[in-house]
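We just call them A, B, C and D in the order they show up, numbering each chain from 1.
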Amino acid sequence: MKPHNTIREGDNVLLYLDNKRKYLVKIEKGKILHTHKGFIKLEDLIGCVFGSKIESSLGFPFYALNPTVRDYISKISRPTQIIYPKDMGLILILSGVGPGSRVVEAGTGSGALTGFLAFHVRPDGCVYSYEIREEFIEKAKRNLERMMLLDYVEIKNADITKGIDEKNVDAVILDMASPWLVVPHAYEALKGGGSFVSFSPTIEQVIKTVETLKEHNFVYIETFECLIRRIRVERGKTRPETRMIGHTGYITSARKVIE
Amino acid sequence: MKPHNTIREGDNVLLYLDNKRKYLVKIEKGKILHTHKGFIKLEDLIGCVFGSKIESSLGFPFYALNPTVRDYISKISRPTQIIYPKDMGLILILSGVGPGSRVVEAGTGSGALTGFLAFHVRPDGCVYSYEIREEFIEKAKRNLERMMLLDYVEIKNADITKGIDEKNVDAVILDMASPWLVVPHAYEALKGGGSFVSFSPTIEQVIKTVETLKEHNFVYIETFECLIRRIRVERGKTRPETRMIGHTGYITSARKVIE
Amino acid sequence: MKPHNTIREGDNVLLYLDNKRKYLVKIEKGKILHTHKGFIKLEDLIGCVFGSKIESSLGFPFYALNPTVRDYISKISRPTQIIYPKDMGLILILSGVGPGSRVVEAGTGSGALTGFLAFHVRPDGCVYSYEIREEFIEKAKRNLERMMLLDYVEIKNADITKGIDEKNVDAVILDMASPWLVVPHAYEALKGGGSFVSFSPTIEQVIKTVETLKEHNFVYIETFECLIRRIRVERGKTRPETRMIGHTGYITSARKVIE
Amino acid sequence: MKPHNTIREGDNVLLYLDNKRKYLVKIEKGKILHTHKGFIKLEDLIGCVFGSKIESSLGFPFYALNPTVRDYISKISRPTQIIYPKDMGLILILSGVGPGSRVVEAGTGSGALTGFLAFHVRPDGCVYSYEIREEFIEKAKRNLERMMLLDYVEIKNADITKGIDEKNVDAVILDMASPWLVVPHAYEALKGGGSFVSFSPTIEQVIKTVETLKEHNFVYIETFECLIRRIRVERGKTRPETRMIGHTGYITSARKVIE
C-alpha cells in the first residue's frame, strides 16, 4: 500500500476530479477511464509521479493520487457495510490495535473493516476474519488483494458464534448482528487485558452486549457514538453541510480481566 | 508497547478500579500506590499475567491492564493538549498514516499526538516533531520514553513556520496556532499526493488554512468536526450522558498535487 | 386555527396515511384527493369529528387530523425557506414572544416563520412582516390566509435595511441575508429590553451581526445552533435515523439596553 | 408578564451583568441586591424604563431587563427539573399548543414547563397540571405566581396514572417517570386529533411509551432528540463552546385518532 513515488503499471491510482468525483483505477496498458468530463488513457500515467495532473480528453484536470486506506474503503462496494471511517478510527483507538497486533474480526462482509485493521497491524500482525456467509468471502478477498493487504489477513468461513480458534489474541472486533453471542468465545480467545470492541446499529444490541460483557469478566466497558459533520469552508459562506449522517452505530469496548 | 503476557519489573500497568478511576503506574520494587480505596504494593504484581485482579489493602478489586496508546494519552498531563482520542482516530484515517509512514508533526506539546502517530508508524516509520517552545521538549521526551515510543520520534526544537528540513514525507500533521503559515513548507516537504492534516479550535483558523491550501496546489480539501457521545448502558436506564464535550477542534485535510 | 370538533366545508384537514405521507387539503364539495393508495372524496368527511378514519377507494386507512401550525409550515412551499420547526421553537423562546406581542419580522418569504409568530401572538398581538421582493408577497398572503392567520399580520413591501416604521415593539426577528444592516433600525424600533433574534446559515453572517449588536447597545448576546435527531423506535430495532439535517442556521439573540 | 415600559414597585426585573451573571429580583422599597460586583438599591429602579443601566456601588453596569418566560424558567429552582428551553420550544411546536389551548400536563414539579405552557395558552386557554407529590405543589404555585401565570393554571394534587378528569382537551403533555401508564387516560381526555407529547430521559421509557401509543389508536408517532450548542462568537476566536449538554431527554409526540 506504500507507493513508490512513480506510477507503474499495475498500480492503483485515485483519479481526483473534485471532492465528489474520484475514480479508483488500476493502471493497465490500453485501459481507458470514461467520465462525464471526458476520457483518460491510463497508460499515460505510467512514469509520472503521484500527485501529477493529467487532463481528460475534454481538457478537465484530474490528479493521480496514491489511494489511502480510507480511499479504498470508500470505494469498496458494500452491501452489508455500514461502518464509516469515523467509526473505524475510533475502533482502532479503543481497541489499542497497532503494528504487530493479532486481531480476531467478524463478520468479514466486503472486507472494509478487515482491510483497515490489516493496514494497521502490518507488517508482523495478523487479522483473523470470520465470515459465515460463503458468498462474501470471494468478494472480500478480491477487495483485500486490491488493497495489497491479503497477506495480513486469514479469512475463515466459519460461524464465530460457535467458537474462536485463536488464542491469546490482542483484540476481538465485531461488526455483526448478535455480538453478545460471541462474548464467551472472545473471552477464551483474548489474552489477559485484551480488548473487545463491537459495532452495533441498534441500542438493544448494545444493551444485550454490555450485559453479557458484565457477566463474563470484562471491565472498562464503555459505549460511544460518534457524529461527524462536514464543514463547507469558503470565506463569506462558511457553514456545516446541510445534510449529514445522523447515525451509523454504537461502539462498545471492554477489556478482559482474570478473576 | 506490546506487552509480553506476564508483568515484569519496569512495566507500565494501568490499575483499573472503575471507569473514572484508573492509575497508570510503573512497576518497581518497594513502590506503593495510594488510593482512596486503600493501597497496593506494586511489586506484588510481578509475575502475574496482565488482566489479573489485585485487591487493595481495603479489599477493593483493581485490575492490572496493559496500557493502550489511548490510556497513555489520557494520562499525559496536557497544558496545551486539546486533541481528544476521537480526533486522533480521524486524523490517522484522513492522513493515511500507518506502519512505515514518515510524518512531520508540529507542535510537539506534551507529546500526546506525537506518541499516537509514533505508535502507528512503527516499526520502520518515523515522526519528525517540531516544537518551538523549549520548555515542552523535555516533558514530551519523558512522555514518549514512558510509552516506549521515543525510538520512532525525532523531536526538533525549531520553528516550523520557518521551514521543514525533511523531504518526500508522507504526511504533515499540525496542531498549532497558525497552521496556514506552514502550508508552503508542507508543500515542499511532502511527496506528490502526500497528506496535509491540521487541527484547529477556531473557524477563522480553518478559513485561513483552507484558503492558503487552495493557493498552494493542494486538492481534496475537506474540513470535519467530530462529536462523540458517551452512552450510559444499563437495562431500564439507558441514555446518553448528560454532559459531553461540545467542541475540541476542526480537522482539515488535503493532498499535495503537482501542476 | 382552533378547530371546532366536527369537520365542516371549508376546513383545512391533514389527511394522514403514515409519517411520510400526509396531505393538507381544504374540504370542498365535489373535490377528490388522488393518492397512490386510492382516492378520497373530501365531502365524505363533512360532519365527521376530527381524528376520524376514512378509507380510500383502495381500502387504505387515512386519518383526518386538524393541522397544527407545524403541519402548515411543513406544507408551505418554500423557495427561500430554510428555518425548520426546531429553529422556530428556539426563536420563540429566545425572543420571549407570546400572546399579545408586537413583533417586527423580515423577510416574509413564503410566510412560514411569519405564520408561526402570528399563531403565537394571537389574539391581540401583531406581526409586522417586511419583504422587499414583491413576488413573494402574494404567495405569503395566500399561505397566511390558508392558516387563518392573516388578521394578525401586516405585510409590508419595504426594505427593512432602510428603516422600520414601528416603535416600541417587543421583538425584531430576522431571517435575511444581511441582518447586521438592520441592527441600528431594530434598536430604534424596540422598546427598552426588547429582543433581537436573527437566523443565519453562515458563520460570517453571525460574526458581523454579533459585532454590530455590540456596537449598538445590545447585551445578553448569545448564539446557538440546534440539531435535531429523529429516533426510530421499535422494540429490538431502536436507533437514530441514518440521515439527519446537519445544519440549517445559527440563531443569535440579544436584548436592547439604554445607556 | 407583559410589562409596561416603566419599572414599578412589585415588578420582576432581571438584572443583567453578563451572560453568566443575571439576577431575577422583585422591586421593593428598601430592598438591596448584593453581588460580588457591589450592591444595588432596587428602589432606585422605580420609574426607569426597562432596559435602563444602573451602576452598582462599585461602579459596575447592570441592566434592568423585563424577564422573559425563559429567564423565569432558568431561575426557578428545580430539584426535579430536567427539561431545557430547547426542549420546551420543540414540545410547543410538536403539540400545536398556542393561545386558547386547553392542556393537561404532568407532573407539575417546580412548575417550569407548566409556566411555559401557561404563558403560551394565554389569555383564554388553561393548563391542568397534575402532581402526585404534595410537597411540590406549594413551590410550583409560588413560582407560577411570581411569573404572573397562576390564573392560567389549575394545579391538581392527583395521580394522573389513575385517570384524567378533563375531556376534549387539545393536548396532554407529560414529563414523568412512567408516561406509558397515562396513555389510555390521555386517549380518553383528548379531543379527536389531539396531541400527546412526552419527555423522557431514557430510551426504555420511550420504547414502552411508543408501544403503548400504537396499542391505543394514536398515529403520527415520532420521537426526537434535540441537541443545542452554544457558539462563542468573537472575530478571530469563533468556535462552539467546549462543553455542552449532551442529553436531556427524548421527546415523543402522537395524535389521537378514532377507529
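Rule of thumb we're sticking to: a contact is a pair of C-beta atoms (placed from the backbone, for glycine too) under 8 Å apart; a residue touches a chain by one contact, two chains touch by 3 or more.
What you see is a predicted model; the values in this text were computed from it and never measured.
Enquirer: Keeping to the contact definition above, tell me which chains border both subunit A and subunit C.
Expert: Common contact partners of subunit A and subunit C, which must touch each of the two, are absent.
Enquirer: Nearest whole angstrom, what separates the Cα centre of subunit C from the Cα centre of subunit D?
Expert: 21
Enquirer: So what's the Cα centroid distance for subunit B and subunit D, whole Å?
Expert: It comes to 43 Å between the two C-alpha centres.
Enquirer: So, what's the distance in Å between the C-alpha centres of subunit D and subunit A?
Expert: Going by mean C-alpha positions, subunit A sits 46 Å from subunit D.
Enquirer: By the touch rule stated above, which residues of subunit D touch at least two different other chains?
Expert: 203, 229-230, 235, 238, 240
Enquirer: How do the chains pair up in terms of touching? List each pair.
Expert: Every touching chain pair, ordered by label, is A-B, A-C, B-D, C-D.
Enquirer: Please give the residue numbers of subunit C that touch subunit A in the complex, ascending.
Expert: Result: residues 201-204, 229-230, 235-249 of subunit C touch subunit A.
Enquirer: Tell me, which parts of subunit B touch subunit A in their complex?
Expert: Against subunit A, the touching part of subunit B is residues 1-3, 5, 16, 19, 22, 49-53, 63-66, 68-71, 85-86, 88-96, 98-101, 116, 119-120, 122-124, 168, 170, 191-195, 203, 206-207, 210-211, 219-235, 238, 240, 250, 252, 255-259.
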